[in-house]
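The next block holds one structure in the form of structure tokens; read it before the comments.
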Amino acid sequence: MTGCAITLSYPRRNLIDLSDFSAEEVNALLALAADIKKNPAAYQDACRGRVMATLFYEPSTRTQLSFQTAMLRLGGSVIGFDNPGNSSVSKGECLTDTTTIVSGYSDVLVIRHPKEGAARAASLKSKCSVVNAGDGGHLHPTQTLTDLLTLSQEKGRLTGLTIGLCGDLKNGRTVHSLIRAMSAYPGNRFILISTPYLALPDYSKAVLEASGCAYEEVSSLEEAIPQLDVLYMTRIQKERFESEEAYRQEKDVYILTKEKLEKGKQDLLVLHPLPRVDEISYEVDDDPRAMYFDQAVYGMYVRMALVYTLLLGTPAPLTDTFIKAPAHTCSNPNCITRSEPNLPHYYVMETGSEQCAYCSHAPLR
Amino acid sequence: MTGCAITLSYPRRNLIDLSDFSAEEVNALLALAADIKKNPAAYQDACRGRVMATLFYEPSTRTQLSFQTAMLRLGGSVIGFDNPGNSSVSKGECLTDTTTIVSGYSDVLVIRHPKEGAARAASLKSKCSVVNAGDGGHLHPTQTLTDLLTLSQEKGRLTGLTIGLCGDLKNGRTVHSLIRAMSAYPGNRFILISTPYLALPDYSKAVLEASGCAYEEVSSLEEAIPQLDVLYMTRIQKERFESEEAYRQEKDVYILTKEKLEKGKQDLLVLHPLPRVDEISYEVDDDPRAMYFDQAVYGMYVRMALVYTLLLGTPAPLTDTFIKAPAHTCSNPNCITRSEPNLPHYYVMETGSEQCAYCSHAPLR
Amino acid sequence: MTGCAITLSYPRRNLIDLSDFSAEEVNALLALAADIKKNPAAYQDACRGRVMATLFYEPSTRTQLSFQTAMLRLGGSVIGFDNPGNSSVSKGECLTDTTTIVSGYSDVLVIRHPKEGAARAASLKSKCSVVNAGDGGHLHPTQTLTDLLTLSQEKGRLTGLTIGLCGDLKNGRTVHSLIRAMSAYPGNRFILISTPYLALPDYSKAVLEASGCAYEEVSSLEEAIPQLDVLYMTRIQKERFESEEAYRQEKDVYILTKEKLEKGKQDLLVLHPLPRVDEISYEVDDDPRAMYFDQAVYGMYVRMALVYTLLLGTPAPLTDTFIKAPAHTCSNPNCITRSEPNLPHYYVMETGSEQCAYCSHAPLR
């Protein structure tokens, strides 16, 4: 693909991808979140007079309520919708018209959308900061910030941890993003607990190898659990197994029960991005090592820190350099460019290859 | 049923059933509500920095808006949903996982649910106070508080009143709860105006008799109205009549018209929990004795008093003693234990019989 | 029709029709909006402790978010719904019961409804100020206020402007209302750019003629554009063309492209009430004359000024004089009186003819 390079600079910072923030900025966010948790009253009027818009084009109650509470607990207020059927979308308005208009009413725009790249698209014309609250299976950076805050607060460090990742490691964006984040800190080691069919994809293993992070792949949660400092559970959907037979044979192996947990260390942390279906038995909830409900509360604090930083902080300015091509040719059928043909045709170069600037997929050949 | 007794104590008070509050506490709530109504400005920042979550698993606009306004007029803020289809429920998350997570974001959780016992279920794991805003046909304690505040403010007393209850006395939880509450005050007398088919059930008559409260059953609103201090109207749904023929013959008898109202005392109060369909003629609205729209406003004030008390008051600690049984065996098909099998199996002893701790029904034999 | 005259006076002002405000009051509103835009911090606590209810019986995301933001940026708070399926409407409650109850919770009630006359109906029994946020195809006065503020701020004047109105001039209430408003200011001139089939209706031309305002009707946007100070674009829906053939032949004529815009003056303003579908090419968005996204932001400021005035101002009291007739006989099938038979039967005399007091249509003969 050929095209001219275009550099965009933003008057206000966005969080579309966690890599929009430097390692120092992430650490500062975590420290701020910890301070807010300790002294909430000191921040309760920080964002008075400011407005957050939460535009949820698909339902995600927990994420939406977490962002809303974060803004309200900073003294700000909230507008938004959670039901695309009720929005102007039903009158055929394109995504960026809606987000541009609403960005004129608000100080920070939080967007959740089933299409990959939607948050990036919204950010191009937004009059205020944009936060990606999940774009299809692509990115969900505040979930990863939540995980980092939980670990740093409950373990006291982000280094030298043996982290078990259990369940569907093939399809979980949460897992891939956590690996990218934690492999940047020294001394961490991953135990990947899954079936061969649901194993971690090669591009995520490449991240581990590039960072020199130790890892091993195993198939038994029960055998792996004694050595773990952290067990990160994920949901395996029935339809994700190779076959009905594989499902019947394997599913119980990846369910955390009280019996399996008995083999874990006394200071093990059990995390889960929630919602849980049946991959953690309800009896586990009463164990002090079950940290997933507290993790959700940490999610609120880290979002407070993020909103505070975007609205009141003075982060370094950010620029993006895109290649403007004559047409969209993204290979991803779920890319926002497929449903919003009026978006500018932007690509980026990533380790020598072209990627769609919206959804990170390769162009069609 | 056999099982061990378990005593739960709550760090913060809930309002699941009106009996969770003592008579003194109810009277204090009514006095506080009256003071808030008189001096709203004195309370407008009382709950600044606090968050209410309204989780409405079935629509009830008036109740939800009333709770929300109560919190907002105390200076607090509100999150929540009114559309289960938009919530994580649709991803298969169990009720208590959702309520536990949201309780970690908020300071008071208001729940409305079509299943009986849902508010009790939410309260077991909640990290904050829980208020029952209606659980199926079971309980709706803030409606009764609304009725008590309206009577105490508009009549100046809760004693020595002749109260007509008109319409469907068989199915109305509002009526049963009002009878329980008002029969505890001395000198009240009830006139039960209904068809034999829609008459007050025996367990509610037992409440009247146990308290020594006078009552009589009549079939004509027109004949009963002259002696009343209060007329509490309820909706009779067509499908609640014994037969189509009974409906045609009887329905007009229980409609309050201007003509019937002319026979009422000058200081009669006409109440209705709303929504009204056609059981009160619209021409009655202009009569000063029609108090149902003011009653809705009293509902907002009593909810302000409740929220204030739960968040800022120092009510006596509450404990519940439950019997833990090996399995759920509630006889009520609409009980929350039927759809949420992971709930603990709790029963209580009530006047010598076992009752489901969630929905108050008897166990299966 | 015969009937007695009834004069209603309102303790608080409403905005149902823009004519509820005098020319002086409109000018004061615009001046206040300009001041708020310049000094937002001076107003950010003005409405603290006050509550707005937004009752949207049909979805209109932009309008609802604009009103909500207006209230929040004044320090007030917001309740409401945007989904009639979730409201008590589904239990058969009539419109005015719902609005009366909610008006008891709030300080200003903003209503959007698909039936014409719904806002008037709500205002008759409301306990607080009512704002019409669109009643069917009838009135939408805050859109017109938005247009006036945009023109006065971006042009510096509301007089001596040549205004092109382009597209569907037959069905657009926005256009008719703007004509009524701008023809009251001296020296304005209208160029009506449309097909004969979608031309401005006679009653709207009568407004122009009565005010002595110059206008001409043309069919080519390209030819008209050089002389314009303002180009007000509207959507032409495909089904509004006379025939499929007419649609194919004519549609491109009314689309604003970069090429057509090149012929416009350097200080031309392009407005659009939004949502836009394809009547303005996306490439036009980057032209500094494209003012439609800024127009949406002006809409927020003018609503702040309106809410401020209704809640805190001391506008002259308003009275309405209606003729009470024995029955509703409005000729408009979409009139609120058709679906709400319990409304009082009110008419008004307008230039010698009877009009429905709700929807302004003539009575049935």
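Just so it is clear, A, B and C label the chains in written order, and each chain counts residues from 1 on its own.
Quick note on the criterion: contacts are C-beta pairs under 8 Å (C-beta built on N, C-alpha and C of every residue); 3 or more make two chains touch, one makes a residue touch a chain.
As the structure is a prediction and not an experimental result, all values here were calculated from the model.
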For the two copies chain A and chain B, what rotation in degrees overlays their C-alpha atoms? Round to the nearest 5.
120
Would the interface of chain A with chain C count as same or different, where same needs over half of all numbers used to appear in both copies?
different
With chain centres taken as the means of their Cα atoms, state the distance from chain A to chain C in Å.
42
Which residues of chain A are in contact with two or more other chains?
77, 83
Report the residues of chain C in contact with chain A in the complex, numbered from low to high.
40-41, 44, 59-62, 65-66, 68-69, 72-73, 75, 77, 82-83, 274-277, 282, 285, 293-294, 296-297, 300
Chain B residues within the chain A interface of the complex
48-49, 51, 53, 77, 79-81, 83, 85-88, 90-93, 97-98, 100-102, 104-106, 125, 342
